[in-house]
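Here come two complexes built around chain A, the first alongside chain B, the second alongside chain C.
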Partner chain A sequence: MHSSWNRVSTIFSHASTALMVLLGLVAATSYLTLPSVEPGNIEIKNVHVYVSLLEAYKPNEAASLRFDLDVDLRPLFTWNTKQLFVYLVVDYLDGPNTTLPSSSTGAGEGLVYSKRPGNEIVVWDRIVTREREARLRIEAGKTKYTLRAVGKKFFGAEPFRARLMYNIMPWVGILSYGTAAESKTAMDWPRPKSV
Partner chain B sequence: MDLLNTVERVVRRTLEGKIDFVAQTQVEIITYVVLSIATVVAFLAGYIAADLRISLAIFGVAVLGLLVLFVPPWPYLNLHPVPWRAPVAPSLEFSKAE
Partner chain C sequence: MDSLKGLAKMGVRQLLLQALTFASVLASGLMMWKTLGLLCNTESPIVVVLSGSMEPAFQRGDLLFLTNFPNEKFEVGDITVYKLPHQGIPIVHRVIEAHDDFSETFSSTVLDQFLLTKGDNNSEDDKVLYGSKMKWLKRSNVIGRVRGFLPYVGYVTIVLNDFPQLKYALLGGLGLLALFQKE
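Now for the complex of A and B:
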C-alpha cells in the first residue's frame, strides 16, 4: 500500500474477488428462484408427408407440420434472463423398417428389435430477447426444419406428439430448461403425398 | 545536471505516490469494508429493482470511488509523517570533542 501502483493492485484484487462473490450470489439466487410458466397450448394442425428427393438413389420420407401455438413466456423474464431459446420438439418412434424382408422382422428369427429408439427432433425454434416478445401466439405456423423418417417411412409408425420446450439463458449462471406446452392429442402419420 | 536530477526525483516521487504508514493501514481496511458493503448493497438493490445493471453500476461506482480516493497520494494520506531526528553535523561534533 506504500505506492500508487501497489494501491491500484490491491483495490483491483479485492474488487475482482468481491465481483465474483456478487455474481455468485446472483447466479445462486436465480437458480433457487427459477420461474415457471403456465402450460400453454400447442396443437398440430396438419401433417404433410412427402418423399424427399434430396438423395434420389435412396428416397426417404420427410414431413413438415403446421401448428397452432399459444403460450405466455413472459414470467420467464427475470432480472437475470438474457434471452430465451424456444423450440418445438416432435417425439416419435421409427416406423416399421421396410428395408428388411418381412420374414426376418418376427421374433425368434435372430434379428429382434427389442428396443426401438425414440426420436426427439427439433422442428421449429425462436430466440426471444425481449419480454414483450415472449407472448407467443402463432396460428398455422410452419415448421422450420423437416422431419426425416429414419426407417425410410412414417406411415405405420406410432402416433406422435409435440412439445414446446424453452431454455433460459441467464446473464450470469447456468442454463435451465423447461416444458411450456405439450400437445394433448397424438397425431397419426398420414401416407405420403405424391410429389 | 543538477536540474535534471531534481526533475527526475520530483517525477519519480509523484509517480510513486508514497503515503504514510497510518494511511496505508486505513486504506487497506477501508478498501475491504467498502467493497464488502458494496457487494451486499449492489446485490440487494439489483434484486429489489429486478435489474442486473443496477447491481453492476453500484459496484462499479464503489470501485471507481476507491481508485479516485486512494490511488493518488492526496495530502490527507500524508497527515502522519514519521518524525525524523533533527540532522546533526557529526564531523563538527567530532572535532569539538577533540
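Now for the complex of A and C:
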C-alpha cells in the first residue's frame, strides 16, 4: 500500500502543485502591483528623408532621425522584472492623397479603426537587464533602424509623433507594456533629398 | 513474471477497464488543450521556445502563453508567434513595424496589417526569413501574441524530441504502468 514508489510520487505531485500555485500567486501579485514611471522627455531633431538606392524598397523613400532622450526607468525594476525592452516608436497616418478607399463611410462590422491607415515603426531599441542601466540619457542618438516608406511616400503623409515605450518581461507571469515619454508636438516630414 | 500472472488474473473486463481509464486520461488532456485554444482563439495556446533569438528574455525550453483575439490590432513591441507558409516551425519574434492595410468588402472596411518582425537578439530583421515572395507578414500568418511566460518547464519536450528513444520508453512505461496498476 505505502510503497516507497507511492510516497515518491505523492511527494512529487504535491511539490509540483505547490510550486505552480506559488508561481501563479507571484504572477498575479506582480501584475496587480505594476510599477509605473514619471513621464520623461523625448525630442526629435534632425529628420532626414532621402531617396534610397535600394531597389527592393520602392518608391525608395527612406528616413533617419536623431533624438534626445531623458527618462528614468529604474522604478520598473521589481523583484519580478527579468528585463526591460525599451523601444522608440515613430507613428504617422497616411496622407489623404495615398491609398485611402473612396467610400469608407458606413460603420460596418469587423475591424474599423481610424479612416486612414496608420503606421508604426520602431527606430531604436535597447535591452535593459540591470537597474543601474535603466537611467537613460541620450543626446543626439542615432536611429538603429532605417524608416522606410511602404509603397507610399513619407512626404504627403501626416505629421509624425514619437514615443518611448517599454515592455516589462518578468521572471514568471504576464508581460506588460507602458509609455515612458512622448514627443510634445507632431513633426512634419521634410522633402526628400536625393543621395 | 509476477505482473504477467497478475495480468492473467485480471481477466478481460479488468483489462478493458484499465484501457478505458487510460483513454479517458488522454481524451481529457486533449479536451483541456482544445478548450484553452478556443478561449484564447489560437491553434496553439502554449508554445515552447526553440531558439535563442529572443535571448536573454526567452531561452530554449521556456513556455509562452498566447492569445489571438480577432478584434485586437498588433502593435509594435508585441511579441508574436508566427508560421511562414513554406516553413513548419513557429517563430517567436517581436513586431518592429506595423502598417494598416484596409480593404473594402461588400459592407465594411476590413483591416489587415503589414507586419515586420525581428528577434531581440538578432541584428537583422526578418525580411530574409520571409523569402523573396513575401515582403511582409500578414495577420493570417500570426498564430498569437505572447501574454505570459513560464521558464524552463518546456525543456522536457525539447529533450523528448531530441532523444526519441526516451520518448518511446517513457510512453511505453506509462502505458504498461496504466495497464498493470490496480485501482
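In this section, the second predicted complex is superposed on the first by the 168 of 195 C-alpha atoms of A that agree within 3 Å, B and C clash if a C-alpha of one lies under 4 Å from a C-alpha of the other, contacts with A are read in each partner's own complex, and residues count from 1 in each chain.
In this text, a residue touches a chain if its C-beta (ideal position, glycine included) is under 8 Å from a C-beta of that chain, and two chains touch if they have at least 3 such contacts.
Please read all numbers here as calculations on a predicted model, not as lab measurements.
Novice: Using the touch definition from the top, say if A:80 reaches chain B (first), chain C (second), both or neither.
Specialist: first
Novice: Considering only the touch criterion stated at the top, classify A:26 as touching first (chain B), second (chain C), both, or neither.
Specialist: The answer is first: A:26 touches chain B but not chain C.
Novice: If you stack the two complexes on chain A, which partner ends up touching A:175: first (chain B), second (chain C), both, or neither?
Specialist: second
Novice: Looking at the overlay, what does A:184 touch: chain B (first), chain C (second), both, or neither?
Specialist: In the superposed model, A:184 contacts neither chain B nor chain C.
Novice: Just checking: does A:165 make contact with chain B only, chain C only, both, or neither of them? Give me first, second, both or neither.
Specialist: Touch status of A:165: second partner only.
Novice: When the two structures are overlaid on chain A, which partner does A:3 contact: first (chain B), second (chain C), both, or neither?
Specialist: In the superposed model, A:3 contacts chain B only, not chain C.
Novice: Contact-wise, after the overlay, does A:18 reach chain B, chain C, both or neither (first, second, both, neither)?
Specialist: The first partner, chain B, only.
Novice: Just chain B (first), just chain C (second), both, or neither: which does A:129 touch?
Specialist: A:129 contacts chain C only, not chain B.
Novice: Compare chain B and chain C by how many residues of chain A each one touches, and report the one with more.
Specialist: C
Novice: In the superposed arrangement, what residues of chain A touch both chain B and chain C?
Specialist: Comparing the two interfaces on chain A, one with chain B and one with chain C, the shared residues are 171-172.
Novice: Using the touch definition from the top, list the residues of chain C that touch chain A in their complex.
Specialist: On the chain C side, the touching residues are 56-57, 70-71, 73, 75-77, 79, 94, 96-105, 107-111, 114, 120, 125, 146-151.
Novice: Where on chain A is chain C touching in the complex?
Specialist: Residue positions touching the partner: 23, 27, 82-83, 85, 87, 89, 99-101, 103-104, 106, 108-113, 117-122, 125, 127, 129, 145, 150, 165, 167, 169-175, 177.
Novice: Spell out the part of chain A that touches chain B in their complex, as residue ranges.
Specialist: Residues 1-5, 7-8, 10-12, 14-15, 18-19, 21-22, 25-26, 29, 78-80, 171-172 of chain A touch chain B in their complex.
Novice: Taking the touch rule as given, give the residues of chain B at its contact with chain A in the complex, in rising order.
Specialist: 15-19, 24-25, 27-28, 31-32, 35-36, 38-39, 42-43, 46-47, 49-52, 55, 59, 63, 66-67, 70-73
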